[in-house]
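Next come two complexes, and both contain chain A; in the first it sits with chain B, in the second with chain C.
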Partner chain A sequence: MNDHSLIIIGGGPAGMAAALAAKKAGIDDLLILERDSRLGGILNQCIHNGFGLHTFKEELTGPEYAERYANMIKQEQIPYELNTMVLSVECLKDSNKKAITVISSKRGVQTIYAKAVVLAMGCRERPRGALNIPGYRPQGVYTAGTAQKLINLEGANIGKEVVILGSGDIGLIMARRMTLEGAHVAAVAELMPYSSGLKRNIVQCLDDYNIPLLLSHTVVDIKGKEKLEGVYIAKVDKNLQPIEETKEYYPCDTLLLSCGLIPENELSVDGGVEIDPRTNGAYVDESLETSVEGVFSCGNVLHVHDLVDFVSEESARAGESAARYILNGKKPIKETIEIKTGNGVRYTVPYKINVDSADELTHIRFRVSGVYKNTSIVIKSGEKELMRKKSMILVPSEMVDLVLKKSKLEEADEAITIFIEEASQ
Partner chain B sequence: MIKELTCICCPMGCSLKAEVNEKGEVVSVKGNNCVRGENYAKTELTAPVRIVTTTVIARSGEPVPVKTEKAVAKDKIFDVVNNIKSVKIDLPVKMGDVIIENVSDTGVNVVSTRSVE
Partner chain C sequence: MYDVIIIGAGAVGCAAAMELGKYELNACVLEKESDVCEGTTKANSAIVHAGFDAKPGSLKARFNVQGSNMMKELSRKLDFAYKQNGAMVLCFDENDKPGLVQLKEKADKNGVKGVSIISGDEARKLEPALSDAVCAALLAETSAIVCPFEMTLAFAENAYANGVDFKLSTQVLSIDKLDDGFEISTNKEKLKTRCIINAAGLYADKIHSMVSDKPMKIIPRRGEYMLLDKSAGALVSRTIFQLPTKMGKGILVTPTVHGNLLAGPTAENIDDKENVSTTKSGLDDVRSKALLSVKNIPFNKVITSFTGLRAVGDTGDFIIGHSDIRGFIDAAGIESPGLTSAPAIGQYLAELVGEIIPLESKKNYIDTRKGIAHFNSLSVDEQNELIKQQPAYGKIVCRCETVTEGEILDAINRPLGATTLDGVKRRTRAGMGRCQAGFCSPTTMALLAQKMGIPIEKVRKTGRYTENGGQDNE
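Moving on, here comes the complex of A and B:
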């Protein structure tokens, strides 16, 4: 009973989509391990709408998106264990099996085995400790997602006068949420000269409620010893250094931090999976297989997404790849092409492609490093141009999804480079 | 009168300048790069609507996420939220169950977005 074909770590949108795809591809002996008390992951606390336009062709809230997937899991009779924490994943040298050590009240501490593993643990928020804000550690400072969980899942009331640092989508969503809960949001301060959140969220969460977005501003000091009393916000210069004379005091009882998300890869690292420092996620090939054979990665643990629809699509591919590995064994690797990043491209997932085993269509996902208007996305192999796509606008907050045909990949005879070509003027 | 707004149809986020006459009709839109911007300005300036999402606290203390089934007039948002806050519900509820009919006379129902036991 402790030996399975496939184990999926994480029962959020990534894990559920991977499980459904693997089941569809013929894997019956699979198991989802989820540390929370329900399936759905972070979607459960994202009660706002805007999910599912690609997947379901309608606009759903987070809990609805999660419940639809959870219902499919139940319908397909895919086994899952809740309140179960994975402690380690290890690849056994002699058999190539994966040993997964778990802890739960049902099992105690146990090691279970699988031929393949899908890593779908999601991501977590960058905490205050990583932000270098001076001051005491008073009560009233939360990451935006923690505040979201307290309000939406626990019905808590966390504060009345709010400042938000960072304009990530969760911060923007929480600005509106706190306002609807009766709080006053004084400002959202963003260090960069552009927001890292979606335009639609800036309009519908800030502009609708007259909440100012202070670009090129940051929190430079926190006042209050036991309880938060206020924060100092200052403008920053071109080098992102605070300008002392612009310091302004905002009295508040709540400071929310929305300063980026980090894939949660401690398990992967311990299991020998190599991590790409650009994404903090695993290095994967076109099948989403990591550097450890038979271990696949998808969703926010691979790279942070802005749309759950993209997570579901990507994770389904990871589930299919895992199924193929279980049924057919290791794929033959003849020719591997590396993907290099050129002007304006921060990273790509995958970072390499095995041309022979690639599907008819290969997805290459990436983010740009700045705002680019009226440019072209170009893929080249040496001097040979494989693809060119015009783009009116590219922004760091929106992931780009390029689909490359196998016939194009076969034309490449050396590493390919993806870059943004700016109009020459 | 000229009204300024940001288009949300794509990440371009065009800054739109719309001319509105005395009747509140949009006469012209400038600053948009495509037709979607013009349509957005027209709806947004004549009858802006939003889907409202929040939670209802069940008698057991558990929050139940809810939404308006359709978008409601933007100026009704706080009215709708206050109405939702004032109701008490009993569990269980299923996803899609109507929590409030015709909330704040908008003609729109408030429905549960999660099944809660």
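Moving on, here comes the complex of A and C:
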């Protein structure tokens, strides 16, 4: 019972979608390991709506979206273990099996085995310490997601006068949430000249509540020894350096940080998975297989997504790929195409494509590094243009999903480049 | 009436309490904060200095070398983290080399063993990450690293087990001299004692002046630090100092005993004894100076930065001894190497008490202390045994540091247990990792709220609770 075909690490949206797809592809002996006390992951604390428009063609809250998947898991009788944390993943040299060491009150510390593993651990928030904001370290400084958990799941009332640093989606959602809880949100400060959150969240969470979004601003000092008393916000110059003269004091008892999400890949790294420094997620090929054979990665542990619907879609592909690996063994690799990033493209997932094993349609996902209006996304191989797609607007907060036909891939040489072509002036 | 009251539950106060626990005495520790280890002791370099730096003949030299020699044995008996990792003092300029020779001479005079001068290449062979500019170095084999929280808690818990009282959240407001001792007025109650040990850290001058007319001044010296993720912890294995030059004292780069990398401190005299804020210029200084010693420090892996205040006296040395008022003993100005010296200072303070009150050894004295099980460092068999006894050890609360609910419950429930998030963090390392408590703080807060019977939002990160569980605005 400690030897499985497939083990999925994480029972959030990514893990559940991967499990369902693997089951559908014929894998019965699989197991989801979830460290929390319920399935659903971070969705459980996202009580706002806006989830599921692509997947279910209707607007759901986070817990509702999670519940639909959890119900499917139960319907398909896919086994899962809660309150179970994976301590390590190791690829055994002789058998190519994966040894997964887990801990739970029920199992104790135990090593279980699987032919394939799907990594679906999600991401964490960048904490205050990593932002190097000078000042005191008082109570009242939270990452937005921690505040969300305290308010929505623990019923805590954390503050009345709020400043938010960073305009990531959770920060924007929390601006509205705190307002609805009776707090006053004085401002959302964003270091960059553009928001890192979705347009719809800026409209629905800030504009609708008259909360100012201060672009090109940051927090430069934190006051209050034990309890937060206020923060200084300053404008930043082109090099993102604060301009001292523009410093302004905001009295507040709560500072929320929404300054980026980091895929939680410590397990993956220990297991030998190579990490792409651009995403902090694994390097994967078109099947979402990592540098370790039989280990797949999907969802926010692979790269941070904007919408959960895309997490589900991507993760289903990882589940299918894992099933294929379990049933057919190692895929034949003949021709590999590397994907290079050109102007405006920060990274791509995957970073390479095995042409022979690629499906009819290959998804290439990426984010842009700035705001681009009226441009084209172009894929070239050498001088040959494989694809061109016009775009009215591209923003860093939205993930771009390109679908490339296999026939186009077959036209390519060993590398393709994706770039944003700006209209010539 | 107490025989001895110790004011301040930092490393020195707790070490003195532990020493006094060996005798048939009524002793008590007063601490204005809600936990032990809340002042200077909680924010420093966490180094057990070998003793080559202190001026021969000084109290600093005496207690440093004694403390350093005591630490390993203490860490074993009292179950706190300690590692003898060695240290180097780097020299970057041929002209500064005499500085290394002077240090070596001081080491010899102070009786420090295992000190030698090596070439730049030899230094780089031992520590490949060192800068190419290093032309020579002092190698000190007995230098070590320690967990200052655990050490101080271990002293306190051992003292408590041997019958020493601890009154936390108890601030001394005034002291009256009586015929046979003192009466101490606090924010909570009045206490009588025959003897006082003033181990009040930054406020030792204030406490001193409540009794004595002889002037004493303690200046807060700010030191800013940056702590890096464990993935950077192996960059150096020894503590790397810089030879003091005209340009200043330099800053150190060291692994911590738990495997992080620490860089700092700056040194800046300030006025405000409560100012533990970091500054942009200070952190920039740490970064640039650390890079002089060690190449390619990945400062993008900083997980937190903090400021410590050293309690610097006005004599250039520790101020330890009987004051002009009989029964009032000072242990003041305990700056670096204070952490190292603490156990030796504690012993000496007990001797000083013995000059006033006859000391009689305690029967049933307990000379050990068992710390909180650090689940992460146990063998799988030990882990499973623990989970079998107490299923809460099978539940990970802090993912980054693999801290279990069992450890957190132990930290909260044991004598002198944690009442704040920072208290839990210092005892268990929950929240000490790369996500800086993002994931675990709601769970830890819930456990603290449950224990104290208060709503979760009343749980404090640090500081005192008032009687009704609300906030103390003092």
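To be clear about the criterion, the second predicted complex is superposed on the first by the 425 of 425 C-alpha atoms of A that agree within 3 Å, B and C clash if a C-alpha of one lies under 4 Å from a C-alpha of the other, contacts with A are read in each partner's own complex, and residues count from 1 in each chain.
Here is the rule we go by: a contact is a pair of C-beta atoms (placed from the backbone, for glycine too) under 8 Å apart; a residue touches a chain by one contact, two chains touch by 3 or more.
Since this is a predicted model, take the numbers as computed values, not measurements.
K.L.:
After aligning the two structures on chain A, examine chain B and chain C and state clash or fit.
P.N.:
These partners fit in the superposed model.
K.L.:
Kindly classify A:378 by the partners it touches after superposition: chain B alone (first), chain C alone (second), both, or neither?
P.N.:
neither
K.L.:
So in the superposed three-chain picture, is A:44 touching just chain B, just chain C, both, or none of them (first/second/both/neither)?
P.N.:
A:44 contacts chain B only, not chain C.
K.L.:
Just to be sure I read the superposition right, which of the two partners does A:82 touch: chain B = first, chain C = second, or both, or neither?
P.N.:
Neither partner.
K.L.:
Based on the superposed arrangement, let me know which partner A:192 touches: chain B (first), chain C (second), both, or neither?
P.N.:
Neither chain B nor chain C is touched by A:192.
K.L.:
Quick one: angle from chain B through chain A to chain C, Cα centres, nearest 10°?
P.N.:
Reported to the nearest 10, the angle reads 110 degrees.
K.L.:
Contacts for A:99 in the overlay, against chain B (first) and chain C (second): which applies, first, second, both or neither?
P.N.:
neither
K.L.:
Under the stated touch criterion, which partner chain does A:225 make contact with: chain B (first), chain C (second), both, or neither?
P.N.:
After superposing on A, A:225 lies in contact with chain C but is clear of chain B.
K.L.:
Contact-wise, after the overlay, does A:202 reach chain B, chain C, both or neither (first, second, both, neither)?
P.N.:
A:202: touches chain B, not chain C.
K.L.:
After superposition on the shared chain, which partner residues are touched by A:91: those of chain B (first), chain C (second), both, or neither?
P.N.:
neither
K.L.:
Just to be sure I read the superposition right, which of the two partners does A:402 touch: chain B = first, chain C = second, or both, or neither?
P.N.:
It touches nothing on chain B or chain C.
K.L.:
Looking at chain A, does chain C or chain B touch more of its residues?
P.N.:
C
K.L.:
Using only C-alpha atoms, work out how near chain B sits to chain C after the chain A superposition, in angstrom.
P.N.:
11 Å.
K.L.:
In the superposed view, which residues of chain A touch chain B and also chain C?
P.N.:
Residues common to the chain A contacts of chain C and of chain B are 153-155, listed in rising order.
K.L.:
Under the stated contact criterion, what part of chain A meets chain B in this complex?
P.N.:
44, 47-49, 59-61, 63-64, 66-67, 151-155, 177, 180-181, 198-200, 202-204, 207-208, 373, 392-395, 397-398
K.L.:
Flag every residue of chain B that touches chain A in the complex, lowest number first.
P.N.:
Touch residues, chain B against chain A: 5-6, 8, 10-13, 33, 50-55, 57, 61-63, 65, 67, 74, 77-78, 81, 95, 113-115.
K.L.:
Residues of chain A touching chain C in their complex?
P.N.:
35, 83, 85, 87, 103-109, 124-125, 127-130, 132, 134-139, 143, 145-146, 149-150, 153-158, 220-223, 225-227, 264, 266
K.L.:
Taking the complex as given, what residues does chain C use to touch chain A?
P.N.:
Residues 227, 274, 276-280, 282-283, 302-306, 380, 383-384, 387-388, 391-396, 399-400, 402, 434-439, 441-442, 445-446, 455-457, 460-463, 471 of chain C touch chain A in their complex.
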